[in-house]
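Dropping a structure here in C-alpha cells format, bear with me for questions.
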Amino acid sequence: MIPAGPPVDDTIQRLSGVLSPGDVIVDGGNSNYKDSIRRAEALRSQQVEFLDTGVSGGIWGLKVGFNLMVGGNQAVFKQVEPIFKTLAPADGYAYVGPSGAGHYAKMVRNGIEYSMLQSYAEGFEILKAAPFNFDLVQLARLWNHGSVIRSWLLELAQAAFERDPQLAHIKGYVEDSGEGRWTLEEALAHAVPTPALAMSLFMRYRSRQEDSFSAKVLAALRNEFGGHPVRAE
Amino acid sequence: MIPAGPPVDDTIQRLSGVLSPGDVIVDGGNSNYKDSIRRAEALRSQQVEFLDTGVSGGIWGLKVGFNLMVGGNQAVFKQVEPIFKTLAPADGYAYVGPSGAGHYAKMVRNGIEYSMLQSYAEGFEILKAAPFNFDLVQLARLWNHGSVIRSWLLELAQAAFERDPQLAHIKGYVEDSGEGRWTLEEALAHAVPTPALAMSLFMRYRSRQEDSFSAKVLAALRNEFGGHPVRAE
Amino acid sequence: MIPAGPPVDDTIQRLSGVLSPGDVIVDGGNSNYKDSIRRAEALRSQQVEFLDTGVSGGIWGLKVGFNLMVGGNQAVFKQVEPIFKTLAPADGYAYVGPSGAGHYAKMVRNGIEYSMLQSYAEGFEILKAAPFNFDLVQLARLWNHGSVIRSWLLELAQAAFERDPQLAHIKGYVEDSGEGRWTLEEALAHAVPTPALAMSLFMRYRSRQEDSFSAKVLAALRNEFGGHPVRAE
Amino acid sequence: MIPAGPPVDDTIQRLSGVLSPGDVIVDGGNSNYKDSIRRAEALRSQQVEFLDTGVSGGIWGLKVGFNLMVGGNQAVFKQVEPIFKTLAPADGYAYVGPSGAGHYAKMVRNGIEYSMLQSYAEGFEILKAAPFNFDLVQLARLWNHGSVIRSWLLELAQAAFERDPQLAHIKGYVEDSGEGRWTLEEALAHAVPTPALAMSLFMRYRSRQEDSFSAKVLAALRNEFGGHPVRAE
C-alpha cells in the first residue's frame, strides 16, 4: 500500500522545518487529489513547490517499467524533469496538468483497474460453472495469444492459474484501497454513469460479508408474503 | 411454489383422455408464457381451449384478495368469466391478451417484485451500518404512514422486524423462482436495459455462494500485481 | 424542492440575532445530515437547540398525511412534541436519534424511493417491448388489487397512465435531488453493496445525456479491433 | 460479423451432398455452442465429423496473430491439427473440450471483452468530466507504459484518440453481437453473478434508445408525487 493521508501531512510537517523557498516536494503516493490541491496551496505560501505524482506499475515497476503522471506548476515540472526522465525513461512520465491532476489521473487509472479485474473474474467464474471441464491455464494462455482481450492482467491470471489451477488456497476475500471509492465519488459528483466501476466495488464489499443483511431482509419478506422457507442462522 | 413445467404437461396429458371439444383448461400456475402458447396451440387441435392465468397475491390472497391476469381467446374468457368474477371480484381480474399474455404479465409482475425487495433491503442494510442506532421497526412503521415509499411489502417488513428486530434468526440465503430469470431473459431478448432487475437477481445468486470464484480471481490478481496479501481458504 | 444547503445557514444566521438561550430551531428541510450535526453543535454553544426533522409525504402530505423523523436532544423533542403531534397525528412522527439521525433517516428513505421507481419503470418498459399489446393502465390497476407489488407509487403510476397511456407527452429526462447521491456516498463509506440504488441513480444521469462519451469510446474501439461500422455524429 | 445461425445450417445442408463418412467440417464462426452440439450430433449420424472452432483476433488476426479454441472429438482434432498449427502457430490453438466447448470458450471471451470495453469507456468519460483538461491520448500512451491496466485494447484506444481526440465524429451508438447476450444467459442458467457483463450489455442497449420509456415513467411519477416538473416530448 503506497502511503497516503495523515502520513503525508506528517512528513510535509516534519520537512517544513528544513525547507527553504524554491524547494520542491514530490508526492509519489496514492494521495487523494483534493489533499494534493490543498497541500500545494499551503506550501505555496512558504514558496515551497509541490508536485503530485501518480505512480503506476505496482511491484513490477522495477522489472517492467512504470509510469508517472505529474501535476502542479509546469515550470517546476521542467525543473525536476531530469529526475522523472531517469526514473521512467521514454514515454514513462508526463506533465498532465495543474496541482491535483497527477493524483486524479492515477485515481481514474485505478478505477479502470477495478472494473477490468471484475471483467476477467466474471468470465472465469462462468467457465468454472460451465457444462465443460475447461482448463483455465490453457484458455488464459490462448487468450494472451493474439486475442482482443489480451493484457498484462491476463498474463498475471495465467501465472496465478499455473500456480493454483482452482485457486483452492485463496479465499474470495477482497480489500479495496480508497481509490476505487474516490473514483466513484467523482463519477457521482459529475453525474457520470459508471455501472461497471460501481459493481466492481460492491462485489468486493460483498466478498467481505460473512452474511448479508440485505439478503436477510429478502429472505424474511419472501417468507412473509409467500411462505417461502428461510434458513436458520 | 405454484406448480409449473412438467407437472402442468403431465396434468394436461392426463386430462386429455377425458376432455371433449369445447372444454376449457385454466392454468393458474406460474408457467413460462412460451409453454402456455405451446400448450394452447396443441390443445386447439383437439378443440380444447386453454386460458393462461397469472395469479398474484401470494399466501395472503384469501385474506386481502388477489388478482388474475387472463390470456387466451377472448370469447372463451367471456364464457368462463363468472368463475373469475367469483374468485376475484371488482378489479380483481382482467383479460390481458392472447395466449401467453396472462403468464407474461404475471412474469413481469414478479420481476418488479424482485427489484422492489432489493430496494428495501439495501435501504435497511444502510440503516444497519449507519452511525446511528436506528430502530428499524419504528422507521418501517413511520414510512408506512403517508410516505412516498409506503407499500404492502413495507408493511410486511414492519411485521418481520417486530418479530425479530435484527433478523438474527434468519440466514441471508435467498432462492429465486424461475420468473426473475425469465423476465431478465425477455429484457435481453428485446434489448431493454433492466439494471435493477439484473442486480436483484445477482445478489440472490451471490447470497447462495459460500465463497465466490470471481472474488478468488480478484484476490489472486491483486496479489500478483500489487503484492496485496491473500487470505488462505 | 425542499430548501437545503446555504439557504438553511443563511436563515440560521439571520435568526441568531433574535434567538435567546433555550430557543429551538426545527429544520424540516432535506438537509444533509452532516450539515445538521454541524449546525446543532454550532447552535449549542449559544444554548440554542436544533432538531433535524426529515419530512416525508411529498405534495400529498396535506391530503394523505405525512411523517416526521426527528433527530436531536430527546428532552428538547419532548418539549416541542405537541407541535409534531398536531402536524402528524398517530404514528406520523417519531424521535429517531441524536442530531443528524432525522435527516439521515429521511435520506435513506429517499434512496429507497429511487430504487422503487426504477423497479416499476423497468417492468413497464419490458411490457412496452413485449410481444403483446398490453394496456398499462389495466395492469397497474390489477396489480394494485391484492398484488404483492401494490403500493402508493403504483397507484400514482396508474393515475399517470390513465392521463397519458403512452407517456407520449413526457420526455425521459430525470433530475436527481442530492439525496440519492448522499445515500450512495453513505453506502460507499460503510462498504454496503447497494447495486439497485447505484443503478437507479446512473440511469437518471444517463437520461440527461444527449450522447454518451462512454458509448463513443465503445463504438470507436469496436471499429478499431473489429472493423464494426460507426455512426457519424 | 463472422457468420453464424442459418447461414451455417445452410452451408452444412449444401455440403452434405458431397460429404462422405470420415470427412470433417470445421465451423470457425461465432456459432452458439448449443447449435454446435446439435450440428455435431446430426452429422455424426452420417459419420461426418464436426469441430466447433472459436476464432479470436478480430481483423488484426493476420497481422498480430489470432487463436483457435477447438471443440469436438479429440482424435479428429489430432487428425486435422496440422491445419490449426499452420494457421495459428505456437500457443495459438488448443483442443479445449468436446463438441460445443470451442464456441463456448469463444463466447465467454467475447463476454469479457464487453466488460473490458465498458471499463475503459467509463474511465475516459470520468476524465472528460473531470475538473482538469486532460489529454486522453497522453494518458492512454502513459498507461500503456508499464501500467497495470495496459492492454491491446488500450493501445487501440490510444490510436483512436490520436485520430479524433474528442471522438467528435463518432456517435455513441453501440451494437451488440449475440455473444454478450449468450454469455449472460449462461451466467443466468448457472446462477453466476455477472454484474459488470450485464451492465456493459445494458449500456449498449441504452445507447441505441432515442428516449427511454423507463425514464418517462420516472419523470411521470416524480411529477405525480413531488410536483417535479417534466420536460415535454
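Quick notes
Order of writing sets the chain letters: A, B, C and D. Residues in each chain are counted from 1.
Keep this in mind: contacts are C-beta pairs under 8 Å (C-beta built on N, C-alpha and C of every residue); 3 or more make two chains touch, one makes a residue touch a chain.
In this text the structure is predicted, and so the values were computed from the model without any measurement.
For the touching copies subunit A and subunit C, the fraction of interface residue numbers used by both exceeds half; the interface is of the same-residue type. With centres computed as the average of Cα coordinates, no chain lies farther from subunit D than C. The interface with the greater number of C-beta contacts, when A-B is set against A-D, is A-D. Note on chain placement: the centre of subunit A and the centre of subunit C lie 31 Å apart, centres being C-alpha means. The distance from the centre of subunit A to the centre of subunit B, with each centre set as the mean of the Cα atoms, comes to 38 Å. Distance between chain centres (mean CA atoms), subunit A to subunit D: 26 Å. Taken residue by residue, subunit D touches two or more other chains at 58, 60, 118, 120, 122, 125, 148, 152-153, 191-195, 199, 202-203, 206, 212, 214, 225-226, whereas all remaining positions touch fewer.
Remark: subunit B residues 56-58, 60-61, 64-67, 69, 71, 88, 90-94, 96-98, 100-101, 104-105, 108-109, 111-113, 115-116, 118-120, 122-123, 125-127, 129-135, 138-139, 141-154, 183, 186-187, 190-197, 199-200, 202-203 touch subunit C in the complex.
Put simply, subunit C touches subunit A in their complex at residues 148, 181, 184-185, 188, 191-195, 198-199, 201-203, 205-206, 208-209, 212, 214, 225-226. Contacts from subunit A toward subunit B in the complex involve residues 1, 58-60, 117-118, 120-122, 124-125, 128, 152-153, 156-157, 159-160, 164, 167-175, 195, 199, 203-204, 206-207, 211-228, 230-233.
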